[in-house]
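One chain, chain A, appears in both complexes that follow, with chain B as partner in the first and chain C in the second.
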Partner chain A sequence: MRLTQEGVVFLLAAALFALFAATLQNFLTPGNMVALVRSVAILGILGLGMGLVVIGRGIDLAMVATMVVSVSWVLSLAQASFPLPVALLFGFLFALAVGLASGLLVAYATIPAIFATLATGLMVYGMGRAWLFEVDVQNTPAQSTFFTSLSEITVLGIPMMIVAFGLLSAIIWALLRWTQFGRLIYAIGDNPVAARTSGIAIRPLIVAQYVIASAVSFLAGLVMAAANSGMSTRVYNSTMIYDVLLVVVLGGIGLSGGRGSMRNVLVGTLLVGVLLNGMTIYDIPYTEQNLIKSIILLAAITIDSLVNPRDEQTAQQDLGDI
Partner chain B sequence: MTPLLEFKGATKKFRGVPAIRDINFSLEKGEIHAILGENGAGKSTLTKVLAGVYQLTEGEMRIEGKPVLLKSPSEALDAGIAMVFQETNLVPSMTVAQNIYLGDEKLFNRLRGLYIQAQRFLLSLNFYVDPTALVSSLGAGKKQLVEIARAVHHHARVIIFDEPTATLTPEEKYHFFNLAKRLRDQGLSIIFISHALEEALEISDRITVLRDGELVVTDNTRNFNRDRIVQAMVGRNLSGELYGKDRQREARAYGEKVLSIENLSMGNAVRNTSFSIYSGQITGLFGLVGAGRTETMKIVSGVLKRDFLHGGNIRLHGNSVRYRTPSAAVKDGIVYVTEDRKLEGFFETMSIAQNIQMGKLATRSNRLAIVSMAEARELARVWSKRLGIRAIDANARVIELSGGNQQKVVIAKSMVQEPLIAIFDEPTRGVDVSAIVEIHNFINELAESGIAVVVISSYLPEILALSDRILIARQGRIVEEMSVEEATEAKVMYAAVH
Partner chain C sequence: MNWSVAFSNESVIKFTARYLPRHVVGEIMTKRWIDNAVPFLALLLVVAICGSLVPDFYAASSITDLGRQVAEFGLVVLALSIVMISGGIDLSVASVFSLSVLLSLIGVNVYDWPVPLALASVLAMGAACGAVNGYLIGFLRLRAFLTTLVTLIIFRSLYDILFLRMSTAIMAGFSDSELFFFIGEGLVFGLPVSLLIAGTIAIAWHIVLSRMRPGWRLTAVGGARRSAHNAGIKVRWTVFLAYVWSGILCSLAGFLFAARLGSTGADTGVGLEVSALTAAVLGGTSIGGGRGSVAKAIMGALLILILTNSLVNLGVNGPITSTILGAVLLIAVFIDMRWLRHRTRILAKLYVSPAYLVLPPLPDTAAPDSPYALNDRLRSVEIIGLGEIEGPEDVILDRNDNLYCGTRHGDIVRFFGPDHKKSEIFAHIGGHPLGMAFDREGNLLVCIGGMGLYQVSPDKVVTKLTDETNRSLFSIVDDSRLRLADDLDIAPDGRIYFSEATIRYEQEEWATDALESRPSGRIIVYDPRTGSTRTEVPSLVFANGICMSNDGRSLFFAESWTCTISRYWFDGPEKGKIEPLLTNLPGYPDNINRASDGNYWAALLGMRTPALDLALRMPGFRRRMARRVAPDQWIYPNVNTGCVVKFNEKGEILESLWDFGGENHPMITSMREHKGYLYLGGVSNNRIGRYKIPGADPTWVAEESYWGPRK
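And then the complex of A and B:
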């Protein structure tokens, strides 16, 4: 059997898991296991949206901005004594509008996704800070129990965050795997020109990718707000968007599109989760953690290309049949 | 006398599957050696080993009797072996002179000196190319000259041409043949890969035929004729079956006028062209490269973004239509089967079944519907049988198939869309002989069933074998129309070039 990058990463995660379990006393406790998954659940949820876009040969760098601003707006509206459902609806529509804008720029104005979404992300963040709310940390409204109860929900003892991650990954997995929409996304990611010539209306589908990614961002934001009793817009200035990409690429979804599935996101999230948790218990400083993460990413990609050398013939063809 | 270049028991395997097997091949100094074979016969692999792109798995390669191992194209070039590729490898944004001396520049590169040097060099080869011209402004024939000049400049003793005439006009072809002979007379050895047997017969001194990765025969060209080559290529006599000499066949009757194009113009490619397409017959669209055939048909099928449209009218069943996307055209029953299947034909990560099913999925409006695996399997079964798609494994990815089978998959993907007008652009380019027969039979069946079929081809025998009605394009316009009964190769070619 040939090892895929997904397999390599899974084995790596399992090995690290075994190592930490053997060397760290309080690693294998149920409490820590829950903490482990919680720490990466947000990253994982964002990874699901990003994974979908990357499979369709795009990239959405505006996800974190969308998440931060749409949910901060919801919280600030709720504090200004708007009814919460209305505030939620506004926030959700705002997120969709951002996705629509990114999608239209990529699909109809044919701006490379990396620039279009970088710009929409900056714009959304600027809009939020300038017009939608004033302080950079928004707390969950005290008068409503929505967020507190959301954070307390458990299903069979599993916290809401993890349930949300699991549920959402199942939904997007099924969407990609079974529906016509999913097949067409793979087709566009594999060969956009062929997809167009085959008569697929590719532009609306590209817009849909970004709209879905934005909706996923909004959900990730709600989960985050519930878990932290608030939302800090400073998250946008952190390395989070790169961590999301790390999860996606580490799991083995190729940036060239058309390959991989939500399972890759799960595997990538698992490795990052085990790694972060173990490093935190070891008390490794944040900066060094980042360094280790980057080395792991490089290692995963290198091992993949060693274990699965590109076929000489197809590698040639990629260069335009030398 | 030791040959200049020699293979002994050469084998090259990809993932354990041999692409060439136990080849014993030799190239003499000062000869033109043609290598012929169906697609997948191993021609490209053999030449890519020569050019240092691949390395042999077993066996050895000798230059002047000494075993060598060429690890990269640049080592091959150092050893005097240059390859002129099908799609040229020039840098389009640089001038001719810069391209010739590319990789050979002095530390302080004086352009004027370079141009003078290049001018002298080109004249010494009798090449009339302006050394200061940008490569992107040159035609295919001139580009080839620049590539050859570059090879000669690098002191090549062996020049390998991969399908050199595919993109040339007849006049450029004539020049190319003269040039090849002149290079040979200067003592260079030339390897010539082609699918046009007549060219090989005309130009080469010796011919080697490959089949399924094995060398079938090497012999002097005068001992060959067309039939013997075809027989060696396919292992049976197909010459008559293909391009049947039943020139006396009757053209199918005109059906309904389905499509009429009136005064269509776009940029420099399509100039005020008008013609009609009828159901139940095959309309052959012949012309030289650059005659605007593909562009015209891509406008009709909505594939081309019509940024430079200058006007004109397309009528489908008398109603004026203007497609901005292929999706709209497909819904109205117009499909375009591309000439470049890798670039805009198939999905390489997907299986045969998934590729074919994509044609169905493309236009279904319910995006959330569950994709039926049973439907995919059934489509694959029906179309594999109908078109003769042969794969070792039904789940094989399309990228792993031969050119002929890939083409059949691309055709099937369009045909499941149940078109009223089917446009085939170079349907048998890079396709092996037996697949050509199957594809031609299928295209004939389509016409019999009442569909309006358009075939674009640059290969005259194919146009004459398939069409009921021939449209001849020149410089962006349909200039002549004739039925197959009155058409001869000479007449059609005359119309296309004059």
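And then the complex of A and C:
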């Protein structure tokens, strides 16, 4: 049996899990398990959307900007005493519009996805900061119970955000696995030219990928706002979008597209979650956590590269060595 | 007055075709530097707009300040560009930059290191960071984007950790080093020191990238990794070194930044990778690799810096600035993609530029008393090497009756005399051998299409004689390289005169040059005594075929598309004179060679047709044809019929040999007389013909006619 990257990462996660379980007293408690999943649920949700786009041989670097701006706008509208459903609708439509714009730029203007989404991210963030809201941090409206219930409601003892993560991964998994749309995404990701030649209207499908990713970002933003009772726009300036990408790639979804599924995202999220949780219990400072996390990520992709060497013939791509 | 008639008037066509240099547009478009036109215009536009909006834009202080920022940012963009040219990407530039700022300040402010030591350690640190990237991407073949993304975060975390521990010490410490201050704030001849340092490095890299082997190898690896590997370039080392250099340049940028500001913050270098990437792409560096230059990096860096600085000065807030930057990135990539995709197509449409050419009325070939009267005398010739050779453009025989010819596979094939049944590959050169001649020592001299003039000695040693001539001052295409040297002959003193058909097209595009019928060919002379090559007669229409006259002071040359053979005196009292000899051939002349009776043979590679003759007077028609009609539908010379004519020095046609209908020898491009036989070659034929000339001298050998009897 070939050891896939997913396998490597899963074994790594399992080894870390075993290590922490053996050395840390509080690690294997139900409460900590919930905290573990909870800490990475937002990253995981974003990873689901990113995973879908990456399978279709794209990349969406605007996800964090979309998440931050659309939800901040919702909160600022709600504070300006708009009814919450209306505000939510506005935010959702805004997110969809961003996805549509990215998708059109990638599919119809044929701008490489990295640049198109990098630019839309910059523009969305700038526009949001300039026109949609004024302060850096938006708090959830106190009079509304929507966000508090989102963070407090549990299903069978499992917090709502974890349920949302699970549900969303199931939906996208089914979408990719069982629908024609999903199969066509794989076809496009595997070989866009062949997909196009065989009559698939690849451009609308590419646009749809980015719209879905943006919608997922909006949901992730709602979960984040509920968890933190607010949304800080400074999140955009952090390395979060890279973390999302790493969750996806770590799990084994190749950036060249056409490979992997939502299971890979879950595996990637699991590793990051176990790591973060263990390090937090060890009381390692945030900056050191970042260092350790990224070194382990580097180890993972290095091992993958050694186990599955790239084919020199197809190694170089038109749009650079991504 | 009827304007449409007035403008379709032939004299107007003639005037515009002669004086309107339409071909210049297409030739400019083939230049590599034309890529820089769009970013350069964008830069001018940005400078003009910002200069008029921003107060004190042109003030000395703001220019000096801009210069210092350009030095730092430009080095980072150059670092990224080098990696992008090699086909990779380096996002970690931002973190290497910030780490270097920190390390410089720790060294100078906290530990009071001497400045050279601090600089050396910073550069070593940058090289080490680059080596990590280079080892992972070059040798372990990890994906560049992903790997440098991770190293970006790793180096950034290192910065954050160190910054937390050292920031107070850096603030408290103070450098009294004058050198450090001088690097950061000093001026030399009114220019910031850091700008001078960065400028020197930029010039050095420009020379490396455009003029030296390491730079060419870098570009080759980025352009086509597999081909570079096959060409023997150490791809992995090249990629590795690209990242190492990227690290070194970024660390130098960080050092300059530290010297200028003397402090660092939590957000130093955050987002630098995005602006550097934007600058690189904006300058025109291709994200796919293989295309990029120092000039592009500088233009991109200037554009981004001027834009962001001006927006800050105008009081535009940060978010809107980032929106504008995003929009600029989008537009830049969009134009870059469109340009790359459509460049060749635009070029193909613009490049072909037909000239105006009037040929005299076709001579009669049907009348029995015409010198060109049709016959089938070449049809039933003996066939040599049928199916063994492809494309014997020229044939030649040595004193021992061995027959030599070129093939399109890049070989010179020798058929052993006297029966020419057996053959061997005499020499492999690699390009299609065209015209051939033996020199006094018995060396075979060959014109190779696309390669130049070569010599094959009797013991099969291949030597390049020349592949370039003097560059003419006003030619836009680089006419120093020989693109289509096609026939040669040797003067008694050993000088080699050879014709080059065209400087505008490659050998396989000869038919497009026929459509143009533009004077872009020439006669070049190579002097073996000095090894020099000079263009002797410029502006000939498809110069094709050269033969020394028996007087040793002049030569005959053919210009295919004007259907003329002329005589040119290169020595003696009439030196420099050109005299048209045959001005109205029924076909397109190719090689010319001596005949045993003191006259000359000329091959006609194809026949004129009334339609093409008429089209030659209508450049607009041919231009539209080239743009709108697929090349296989164009009007071509009729190459289905071959012909050989014999002419004398007075310009009289003595004899015409035809294979009407071209059953055995369509498109005859060369013929050689040897011991009473005429040997026929054709650039598209798969055989050599052998025709018994009635009444010819059965002992005459061309080599003896040139160099005297065997010693």
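Please note the rule applied: the second predicted complex is superposed on the first by the 307 of 322 C-alpha atoms of A that agree within 3 Å, B and C clash if a C-alpha of one lies under 4 Å from a C-alpha of the other, contacts with A are read in each partner's own complex, and residues count from 1 in each chain.
What we mean here is this: a residue touches a chain if its C-beta (ideal position, glycine included) is under 8 Å from a C-beta of that chain, and two chains touch if they have at least 3 such contacts.
For clarity, every value in this text was computed on a predicted model and none was experimentally measured.
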Chain B versus chain C, judged by how many residues of chain A each one touches: C
Partner chain(s) touched by A:56 [first = chain B, second = chain C, both, neither]: neither
Where does A:44 make contact in the superposed view: on chain B (first), on chain C (second), on both, or on neither? neither
Could you tell me if A:291 is touching chain B, chain C, both of them or neither one (first, second, both, neither)? second
Contacts for A:128 in the overlay, against chain B (first) and chain C (second): which applies, first, second, both or neither? second
With the two structures laid over each other on chain A, which partner does A:246 touch: chain B (first), chain C (second), both, or neither? second
Looking at chain A, which of its residues have contacts with both chain B and chain C? 312-313, 316-317, 320-322
Using the touch definition from the top, list the residues of chain A that touch chain C in their complex. 105, 109-112, 114-116, 118-123, 125-130, 237, 239, 242, 245-246, 249, 255, 287-288, 290-291, 294-295, 297-298, 301-302, 305-306, 309-310, 312-313, 315-322
Within their complex, state which residues of chain A touch chain B. 178-184, 186-187, 190-191, 193-201, 203, 258-259, 311-314, 316-317, 320-322
Chain A-touching residues of chain B, taken from the complex the two chains share: 14-15, 48, 53-54, 85-87, 89, 303, 325-327, 329-331, 335-336, 338, 342-350, 354, 357-359, 361-364, 366-371, 399, 413-414, 417
Which of the residues in chain C come into contact with chain A in the complex? 84, 87-89, 136-137, 140-147, 149-154, 156-158, 160-161, 164, 224-226, 229, 270-271, 274, 277, 281, 287-289, 317-327, 329-330, 333-334, 337, 341
